[in-house]
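Both complexes below contain chain A, partnered by chain B and then by chain C.
Right after this comes the complex of A and B.
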């Protein structure tokens, strides 16, 4: 999503330039110790990139990438020792092994979030460390193969290792920069910013996280296997130890998370620093490497929590602050409101039968049954705590009812995951807006469009159309975090709309809006209804609701108190007592 | 293996598990206090424990044999000395580092600063353990006392076939650990300090309005938390050799215990730690010694995956 019109050299160009520069520098290094450093820098850069693919984009911090690295290292070493397998085949296989390990680790561990995830990830490499010691692999030495050195990746000139490492790094960078701008990157970043909203917008969050950990594990496995060949000795603490996981995390976080350059910057700065200090002072200060990494990460957390890359970019570009704002496009309110199509058949699109949900002793929703006709605008009203939002959460799959069934287009959707329900045609917005704040308006909507688009460009087209529909097209490049309340409400509408819903659940879409803004948003809702989208809306703003909706359902204490046309509901004494209040009676009568 | 043999092994492992577990329980209480009050995952907890071990080691070396109450009890006095020393270290680390990403300042950060805290304390852990390598050396050391190499024989039971040996040093350590936990519970429930800590834990904002200095409460909780764990470390130091990297293994042991007991529950943390001690020792009945820690990690994984709210704890969200 580079700005249209301006043709900048792509990120591939910068990566290529960097690769050439690094290769030239390597060619001039004659000291074998510095050649080793030139090899180890890309190794840790790739480890950082592997970590970044999972943790940098998805926000699930892994403390255990040493598991994949160590498995790769031991696989290549053992395969060469026992089967005589050349690393040229062993290293790619180590990648396959790392990917499989990623899947095996990810499937159970993605049930966890936050620090539980981080700590659980820590346990895998440490458990493996003891297992490999127990198996008797305290120290594996790769045999020198004097007849076939090239086949064994054992070169007299150590620069060859550095070139191979560079090749790995450039491939990893190319892969990352391709992925980060595609569906992969946007989906993961959406998960990082608001997992529930991403799921509701049709993102299969588990599948994307699994893809990320498989790729990440594969990359770590490859580089672990290569590391074994470079060092020729493999020990459990050296490949499964805490410092391996920590180094992956630290080079990435130091350089900058969620960008292809971050881990590379981190490795280029920190690896030579710690290696050279270790060489000079290692006898006096044995733990100097660990101390360097420790100080680096403490300093980054305190001074530039997003890493050097973003800090520098901020200083250079003043990121996000100088967005030129074109004046609002033709406001939605000004567009004439099309006539509603006659409800073709009035067939129910959504049917609830005896739906109940209790939280402990609190019966949030009790025995609720109703139908929503195709093309209808249904308003749900009721006092705070009546169970309105819980009802929406039941409908879009955030929670499962204790009993009862929800049929959408005749199919029972109880127990389906939110992204499946979104894909089948139910979109929603949230009472408290849940945009992906650090993405642009357009990216927010593109995330919502993925569910029904085969390609990224198709998602772009759908997103554009949805933005035009709600009148936000002029704001496409702004960060969602900087929008006004009205714009956020419209953004959520657009994101839901991009999923091509047949039914939209709008949760207090008008909350906190001033008079003119209310009209504008209502106009957009009307327009959507005019296109034939069925709408269920929760709202407290009665005057607006009375004009908007075809029919009301009143909830009180989790149960349906009344249903009917607006005119009936506003005169219903029970509704007035429970919700509207006496003033309504005197004013409305 | 006949029944008597198995019974003997089992009882032996059981008693060893209870004794180690009591000390683990004390260590877990320290970690749990920090999480309970501050909602901070302290990754460096194991390294503060390691520091406690070394404080006990040097305190014992300085004056251990000269104490009036004899060489036998000196290691335990040394372990208790680790408490105040690490308390001060905790105050300093909180003031300079941890407070900048937690409490009021943490709530301004992404996901309330949880990641920043986790990663900051990872950095502290790296500095402390690798710095420890420099200061203390990499050779394992231990505190030897007459008690740690003598045992009471219990039995013979079941005719003459079964008799178990209970290490005297570990028994004294376990007794001190239990007393320390009881004293801590008493302080938390009775004293003004305990009340203000609990108030700060329950609802930091309301506590501020009630005139409680939440930042100070957090600092005290952090310092008490690492000090309690350090005492536990000092108690372990007289029965196990240790080196500067020992903290990492115990970080998992402690988290396993704390998560098992339900994050934030002090009593739960003690019983969680006790359970982990039992698991560790009982695992030796079926697993080779080297896999003891693997057994703990597997148990830890099973607990967080299946019952993240802990076995004894109240329901908590997995975030």
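Right after this comes the complex of A and C.
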């Protein structure tokens, strides 16, 4: 994907090497107990990867992955017992079942966020545990197949199980690795870092989260089904128990969240460690293995809070080091600032009619009506608490108005979701900048570009162009978390720009900038206007605004106080009294 | 070249035969390894520890009595494998047992029936004979050849309980009960126990069900349940909690309502209501007279041995897992004596042929050690245990009883 990446062996190569090493090691293990361990390690690695696919990338912590695992296990067991279905078919079907379960669980549960989501997820396996006990499935055993052991996956040589488990793990790693670098991964990571900003950047957050939980549930279902074949005995606590969900979480957290290698590292270290401690100490000082295991996990978490993978990566290459685009990137073509096209047509792009919004007794926006003409730069000013940002939130769909209508290009957009509004052509930035801090500058902008690009490479091209537009192309590889305030403002502009907006809502884009920086950002805004993008800007910096905008709207107490040309507004006594004057008085005090 | 090769070959053969001879000699003196696979850590560790004490005591006794005589007085040696707290850990432990201890001739375990199911999946494939007191019917319904169930299975116990109780009641009080009440939780053990009683036995025994209540543990308040029992006034009450806290609540409430201390004959199922913890957590007098149906307990035959156990461990009494594990070691001794060979296949064959009414049979209710083709012990019966003066004592059947049942005369 990146020019530098082509020279280095890709992540697929590393996965392949690891797979070969694991397979060779497995082939040489003759002790059946160690063969079993070689089977169980990939099982928990896949379970960790399944958890990671949802929770690691999207940040929605699931305490309930045992639900999918258990359904898979019970499906394979019951299908074999009642219909004689071979696990070779049963396990893929368990994956389908897991995916469906993911959808069923996801639809209601994604209405919740944060801790509430985590707790709700906890309920599913607990409920299923009792359901399966109630159904009378306290203990199921997969019947021993003496005639057709291979059809039933009951191999005399346990290494075959280990190889199948390894195959599952490599597939899960390959899948995760592909998705991680594609639109899927970037969209989820954007959701993890700032769900509202992601939605405003045109990402259909619910759809991506559902895709993630379906895939995650399918993986967990497959591995649960396979586990039933390995364990041969299925009981509700063994497959729906807290330990199953916890194990998925622990291996991923230990190894590193949000990466292919994290859950694998976690499983490769923790599963054998726990087993060996159990085998060596379990008979000597019963229970001590749990203590040692716990201490080991606590120690690692203290030393590497984000997991082993990230710690090692930090040590090897300093993350966030200053990197610039490689020379073969698109040339930083500086387009001269063109004159603004005559906003000849003057057709309204945006029309608000009697829009009101109240939060309890507070009337944040009352009966606001105005129009924005095509190609216009409209400034919105007003004292703090006048309802300016609320107005923007109404426009981009974060909140719905209590009454009134908002027409964009003639279409009423009230009630549409933010990502839809973004897709139809309204981009926005935030009063407090909301970059995806753990992503690079380029990735931030790529996320914004997805909304109008069919392929990932197309998004890449759009993002590059947007970066060039705002002059950030030299910082493409830096982590957004390390940018200066001005660069962050430009980044937000670029992200909004990548969505190819017809109308840009800029919320205090100049706030907190020094004199020189203000000029630089204003130049960029002018350039965008020159390209024909209609701009609505909230700003307090009056001298800059007077030079920038075509027209002002003054809000006070949620209502329109005045509208007019800059010269009219600065002389309007009502405006001076409500906004400019008051401000001067507080400055004087 | 040829000569050298020949000489080398001869040398090798000589060395090899010497090694075999030496090994053979060592094997003669080698201890015979018997396995115990049970939870040594986690929530069931206490029970696992009791099983270990039982096996150690039995092996100590066997070795003191001269070991296995048909094998030149070879001594038994116990290897312990921790089944932990989950099915997965139990299965891993079983795999470790068959991989790391190839000389094992047999094993006993693994406490919970779900653990035993997983463990025997491994041992069956390794053709290692396993004795178990887990009572799930599933264990010996899978067509396995190397698992032997010493307890009556769940179904057998449920079938046999009510007729036995009738017999006991009639003998003790002189009249047959006519009405019965059921108060149970909805766990698997209770549900399985009551199923055959509800479906066929009540009718067959001419009993009328006058109160039938099921609750989900844990119980918050026992008053409504016991009120119903008091107004229905059954002749006997089947009271089946599986959590010790629920047993305490129910029994205390019964005493409050004047139904305790045997006034309403109360019978339970399993060892929960006989647990030492119950005695330390409630007024002992309120336990008086409560009975329970179990697969094994201290019987008249083992009074001395149990005294020894109590002295060594400080446990107030020997529960069913102690008794059975102790007896299992004597079954292995008998099998080894009969086989005359210390290998697992010979032991398995000896177990299949075994038919004893003496020796180890003393430790198992029914008094006979013979396994049917499924591996179930023939004639495995149940015991009825009753709280008397703060100690649960075996009261039925008469020949194994330590005390006479106290049944209130009405």
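Assume the second predicted complex is superposed on the first by the 535 of 589 C-alpha atoms of A that agree within 3 Å, B and C clash if a C-alpha of one lies under 4 Å from a C-alpha of the other, contacts with A are read in each partner's own complex, and residues count from 1 in each chain.
Definition applied: a residue touches a chain if its C-beta (ideal position, glycine included) is under 8 Å from a C-beta of that chain, and two chains touch if they have at least 3 such contacts.
Just so you know, these numbers come straight off a predicted model, no measurement behind them.
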Query = So, A:275: does it touch chain B (first), chain C (second), both, or neither?
reply = second
Ask   = Regarding the shared-chain residue A:33, is it in contact with chain B (first), chain C (second), both, or neither?
value = second
Task = Pick one for A:286: touches chain B only (first), chain C only (second), both, or neither.
result = both
Task = In the overlay, answer first, second, both or neither for which of chain B and chain C A:14 touches.
result = neither
Ask   = On chain A, which partner's contacts cover more residues, chain B's or chain C's?
value = B
Message = With both complexes overlaid on chain A, does A:133 touch chain B (first), chain C (second), both or neither?
response = both
Message = Just to be sure I read the superposition right, which of the two partners does A:116 touch: chain B = first, chain C = second, or both, or neither?
response = first
Inquiry  = Contact-wise, after the overlay, does A:373 reach chain B, chain C, both or neither (first, second, both, neither)?
reply    = neither
Ask   = When the two structures are overlaid on chain A, which partner does A:465 contact: first (chain B), second (chain C), both, or neither?
value = neither
Query = Which partner does A:231 reach: the first (chain B), the second (chain C), both, or neither?
reply = second
Message = By the touch definition above, which chain A residues appear in both interfaces, chain B in one complex and chain C in the other?
response = 133-134, 243, 286-287, 289-290
Key: Contact footprint of chain A on chain C as seen in their complex   = 40-42, 45, 48-49, 80-82, 84, 86-89, 91-93, 95-96, 98-100, 113-114, 117-118, 121, 124-125, 136, 138, 142-144, 186, 188
Task = Flag every residue of chain A that touches chain B in the complex, lowest number first.
result = 59, 61, 63, 108-109, 111-116, 118-120, 122-124, 126-127, 130-131, 133-134, 242-243, 246, 249-250, 253, 284-291, 293-298, 301-302, 305
Key: Residues on chain A engaged by chain C in the complex (per definition of touch)   = 31-34, 36-37, 40, 133-134, 136, 138-139, 141, 143-144, 156, 231-233, 235, 237-238, 241, 243, 275, 278-279, 282-283, 286-287, 289-290
Task = Using the touch definition up top, name the residues of chain B that touch chain A in the complex.
result = 41, 97, 100-101, 109-111, 114-116, 118-120, 122-134, 138, 244, 248-249, 251-252, 255, 259, 288, 290-291, 293-294, 297-298, 300-301, 304-305, 308, 318-319
